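Notes follow once the structure below has been shown.
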Amino acid sequence: MNTTLIVTQILTGVVGGLVYVLLALGLTLIFGLMRVVNFAHGAFYMLGAYTAVVVVGLTGSFWIALVVVPIVVGAGGLAVERGLIRPLYGRSDYDPLLLTFGLSFVLVELVKVVFGKLGKPFSAPPVLADALVLGSLYFPKYLAFMGLAAIVVVVALWLFLQRTDLGLTIRAGTQDSIMVRALGVDFDRTRAIVFALGIALGGLAGALNAPFAGVNPDMGLQILIFAFVTVVVGGLGSYWGAVAGGLLIGVVYSLTSLFFPQFAQVAVFSLMALVLLVRPTGLLGSGG
Amino acid sequence: MAVVLALLILVVPEKTLATQLLVFGLFAMSFNILLGYAGLLSFGHSTFFGLGAYGTALVLKWWHPHVLLAITAGVVLAGATALVIGWFCLRRRRVYFSMLTLAFNQMVFFILFQASNVTGGDDGLRGIPLPDFEIPFVASIPIEGIHNPFSFYYFVLIIVLICLLGIERLLSSPFGSVLEAIRESEERARAVGYNTNQILLLAFVFSGLFAGVAGSLYALFFGFIGLETLGWVTAGVVVMMAILGGVGTFVGPFVGAAIYLVLQEYVSKYTDSWQLYAGAIFMACVLFFPQGVWGSVVRMIESRSTGARG
Amino acid sequence: MPRLAEKESVYTMMRSNVPRWLAASVCLGLAACQPAAPPPSGGGLAPTSAPAAVAPAATTPPKPATTTGNGSGPIKIGLVTGLSGAYAGLAQGQQRGGELAIQEIGAVLGRPLQLIARDDKLDPNEAAKQTQELVQTEQVDVLTGCVSAATTLAVNEVAKRAKVLYLGTCQTNALNDGAKDWSDYSFHMALTPWMNNQMVLPWITQTLGKKIYIFAADYAWGSDNIASITAWLTKQGLAPLGQSKAPLGTKDFTTFIPQIRAAAPDVTIVVNAGDDQANFLKQAAQFGLSKETKLYSPVVDVPFDKQNVQQNIVDHYGGANFYFQIADQLPSAKKFVDAYQKKFNEMPAAYGSYQYDALKVWAAAVEKAGSLDPAKVEAALEGMTFDYSSGQSVIRKCDHQMIHPVHIMKGRAETQGDSGFRDLVISIAADEKYERTCAELGLGNRG
C-alpha cells in the first residue's frame, strides 16, 4: 500500500464527493426554501446525462452540452414546480416527497421508452481523454476537470447567494418565508427559481459525471441515496454542510473501497445513521 | 369483507395472485399503523416483512416444526428487530426518521446478504418445506401451495383475517386514540402527560409484528425467498400501496395493495413500462386524491349519505 | 389553520362507519375485471411462432403436426426470464433462440409445441410466482429460461415441487450441486462459473501472464468465479496477485481501479456483465489500466459489446459459450447463425444459443423416451450428446450438467460490419474434467 495509491484514492474520493456536493446543494436549496424533499432529484441527474448525449449527438460538442444541459433541465424543473409541486403547498410535509417519489418512477420509465433500457455510450471529449502523470501518480484529466468545474460552480453559487438581490431573497426566505412574503416579495417566483436552480445543478452533475459513470436509466437511483446521505450528514439546509458532507462521504467511500471494498456502501449508511443519532442536525446544520 | 375474500379465490383465475393479495394487503395494513395512524413514514418497512419471511423459512428448513410454530418464530424475530430499530429511529422525527429507517433497512439487508451460508445471500433461500397442517388428533391437512391452492389460500386467509381483527382492535382502542393524538400534535400529547416516545415505539413494534406475519406467510408460497423481500424496492412498493389505497381509512391500504398487484399483473402483460403507469397513478393520487382511491370512494359515499359535508 | 383541517379530513374517516359490503364489492369488482385466461405469451413482446415449420432444420426434417399421439393439444414449454429490466436484450435473445428451436423441431410425439414466455422482472420472487402460475394455470410440460442466477434457482424450486422438468439456461454453480439445488427435475443447460474458469485459465496463464488480479461484483456469481479462479491457481502453486469486490450495484468503479493498477498484474480478470462490464472497460481505459494489463472477462456477449464503443473493447479478452464468429469454424454454428439471422434479422447471441440447444436436446430426449413422463425424459436426457450451435456437448448423467465448449474472443481494433466486435482466438473443447466431480457435488452414487 503505497502513498501514491492512497493519494490517488483520496483524489478520486474528492472528485466523486464533489458530484454528491452538486446534487446535495440542489437538494438542500430546495429543502431550505421550500421544505420539499425532492425524491426525483436522481431522475433529473439522469435526465441531465441523457440531455448531454442528445446535445453531443446534435452538435458534436461536449462543451456546448455542458452549457445547454443546466438550462434545459432547469426549464424542466420550472415546469415541474409549476404544475406538480405548487398545488401541494400548505399540505402535509410528506406530500411533495411522495409526489416526487412517484415522479422519479415516471421519469425513469419515460427515458426507458424513449432511449431504450440499456445504457448509451458516452465519452469524455478527446482533449481530456488521457491522464495527468506526476511521477507515479496517474490521474485521468477528465476527473481533474470535473473536480475543478464542480468547485467553480460551488463558489459561483455561493457568491450568487451572498452578493445578489435574488440571493438575498433566497437566503431570507430560507430563514423566514412568511416575513419575506410580508415584505412584498413575489415568493412564488422565488420558489420556482430556486427549484429550477436546484434541478439545474442536478442535471449538470449528471452531464459532468456521464463520461465516467456512464449513461443508463437507473443511474439516478444509486446516486440519489448518496446525495440524501450527504445532505443529512452535512445538515439539511446548510450550504457548506452539503459541501463538507459530500467531500466526507466521497472520501469515506473511496478509502473504504481501498481497504474493505465490499463494505464501501454500508459504511456510508452507517455513517449517516451515526450522524443522525448523535448530531441530528448534521455536521454543520443549525437547529432543525 | 371476510365473505368476499373467502369467495375471491373462486373467481380469480390466478390463485397465486389472490393469495399474494392477502399477504401484501396485510403488509400494507401493518405499514399504515405507522403512516396513517402514527404519522410516521417508514422507508424501511420491508425489514420486518423480510425478517418474518427468513425467520419462518429457516425454522421450517432446519427444524420442521408445526407451521404455526414456524410462523411464530418469524414474527418474534420481526418484532424483536422492530423493538431495536424502532428505538433508534424514534430518536428523530419526520424526514430524519424516514432516512434512519432506510439506513437500518440497508444495514439489515447487507447483513443477510453477507451471511450467505445461512440465508443463501443473493441466490435466495431455497428448499423451504411446507409440512401438512396438523390439528392434533383430528386431521393433517396438506396446505402446500402448488398442489393445494385452495387449502393454502384459506389457510392464509384465516391468519390474515385474525391479524386484521387484531389490528382493528388495537387501533380502535384507547391506544389507537392516543396514537392519532400524537400524529396530530406530539407536543400537545406530551403536554397532556403521555410518554409519546414509548407509545410510538409500541406502535412501531406492533407494525413490525404484523409485517412479520405477512412475511412469514409469504415464505410459505414457493419454497423460496429472494433477498429483495427485504430490499428497498419492496419498502417503496408498500409505501405506494398504502398511499394508493388511502392512509386515512382502515381498509384503504388493503385496497391499495390489491390495486397495485392487479395493475402490475395485468398491465405488465401488455407493456414493459407498467411502472410508468403505476407512478403516474400514484402521482395523481397525491395531487388529486390525497385520501387515496378507497378514501375518495368513502368520502363520496359519505357526503352523499349525510348531505352537505361539515 | 388550513393545514390542520386538511389533515383532519383525511384522517377522520378512520372513525367513520363504512359499510363493509362496499369493500366487498370493490374486491369483487377487481376480481371480475380479470380476463378469463391470461394471454398466451407474457408481455406481448414477441409472438409465439406457429408450430408447423418451414425453415431448414439442423439435422432432421421437421415433423408435421398430427392429431394423433398421447395427450391433446400442443405441448407447452414455459419460459421464465427477465424480459423487462436491465438484461432485456439477453432475455429476448433467449426467447428467440427458443422460438427458432421449436420452429425447426416442428412437432414432438406428433403434437405441436407452444412456447409461453413470462417476465420475471429479474426478481426471483416474481420468477417463482410466474412459474407457479405457469404450472397451475397453463399446466406446462417443461420449464426453462433465466438470465440471472437468483431467478433460475427460484424457478427450479417451484419446478421441483411441481415435479416438472426444468432446463436452466444461465450460469450458476448451484443447480448441479447435490448439496444445494439439484434434483431429478433440474437440468443445467449452461456453463457453470466453476467450469468456465477452469477451462480458460490454462490458456490465460500461458498466453497472457501468471500474475492475475481478480475484480468482481460482490454477489453469488462474482464470488463463484473468484472461488474457481483461486482454486485453480492454488492447484498450480500460484496465488492471485490480489482481488477485490465492489458492492453489488456499483456502476462507478473509479475508486476501485487505482488499486488494480497499483498491483501491476499481467492479467486482470474482471467478473461482471452487461452495463457494468461496459462501464468498467470505459473507466479502465480512462485510467490507462488497459494499457498496463490484459483484461479478461469470464463472459462476453454481443449485447454487452453493443453498449460500448469499440475503442474500449480493443484487446479485451472474454469467454463465450457462443459468439457468432465461430460460424467460420463450426458447421453447426453456421447453420444456427444463418437460420437465426434469416428469421430475426440480427446476429444470435450467447443466451439464444443456450436456449436453442436446450429445447432441441429436450425434444430429442422426449422422442427417445416416447413420452412426456418426467422420469422417462430425465433418463433419456442423461448422457445425451449433441452439437446444435456451438460445439460438441454432453449432458452428464450424475448431475444433469451440460459439459460445453468455451470460445475465447478478443476485441478488434475496429468494428467490422454489424456486431463485428471480436475475433475468435481459441476454442476449448468440452471436457468433464473441467467441472467438479460427481463425488464433490454429492452425487457420486449416481455415477
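The first chain written gets the first letter, and so on, giving A, B and C; residue counts start at 1 in each chain.
Just so it is clear, contacts are C-beta pairs under 8 Å (C-beta built on N, C-alpha and C of every residue); 3 or more make two chains touch, one makes a residue touch a chain.
All values reported here derive from a predicted model rather than from experimental measurement.
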Which pairing of chains accounts for the highest number of C-beta contacts? B-C
Give the label of the chain whose average Cα location is farthest from that of chain C. A
Between chain A and chain B, what is the gap in Å from one C-alpha centre to the other? 33
Inter-centroid spacing, chain C versus chain A (mean Cα positions, whole Å): 37
If you look at chain B, which of its residues touch at least two other chains? 272, 290
Multi-chain contact sites of chain A, meaning residues that touch two or more partners: 91, 117, 262, 265-266
Listed in rising order, chain C residues that touch 2 or more other chains are 7, 84, 88
Chain A residues touching chain C - in the complex, by the definition given at the top: 2, 4-5, 8-9, 12-13, 15-16, 90-92, 117-121, 123-124, 129-131, 138, 140, 142-143, 209, 211-214, 216, 218-219, 222, 253-254, 257-258, 261-266
Which stretch or stretches of chain C touch chain B in the complex? 4, 7-14, 16, 18, 20, 22-28, 30-39, 42-45, 83-84, 88, 119, 121, 123-125, 128-129, 131-133, 135-137, 149-150, 153-154, 156-158, 160-162, 172, 174, 180-181, 219-220, 223, 248
For chain B, which residues are in contact with chain A within the complex? 41, 88, 91-92, 94-96, 99-100, 102-104, 106-107, 110, 114, 236, 239-240, 243, 272-273, 275-276, 278-280, 282-283, 286-287, 290
Quick one: in the complex, what on chain B touches chain C? 1, 3-5, 7-8, 11-18, 20, 36-37, 113, 116, 121-124, 126-127, 144-147, 149, 171, 180, 183-184, 221-229, 246-251, 254-255, 258-259, 262, 266, 268-272, 290-291, 294-295, 297-299, 301-302
Given the complex, residues on chain C that touch chain A span 2-3, 6-7, 84-86, 88-89, 218, 244-247, 249-252, 254-256, 258-259, 261-262, 274-275, 278-279, 282-283, 286-288, 303, 306-309
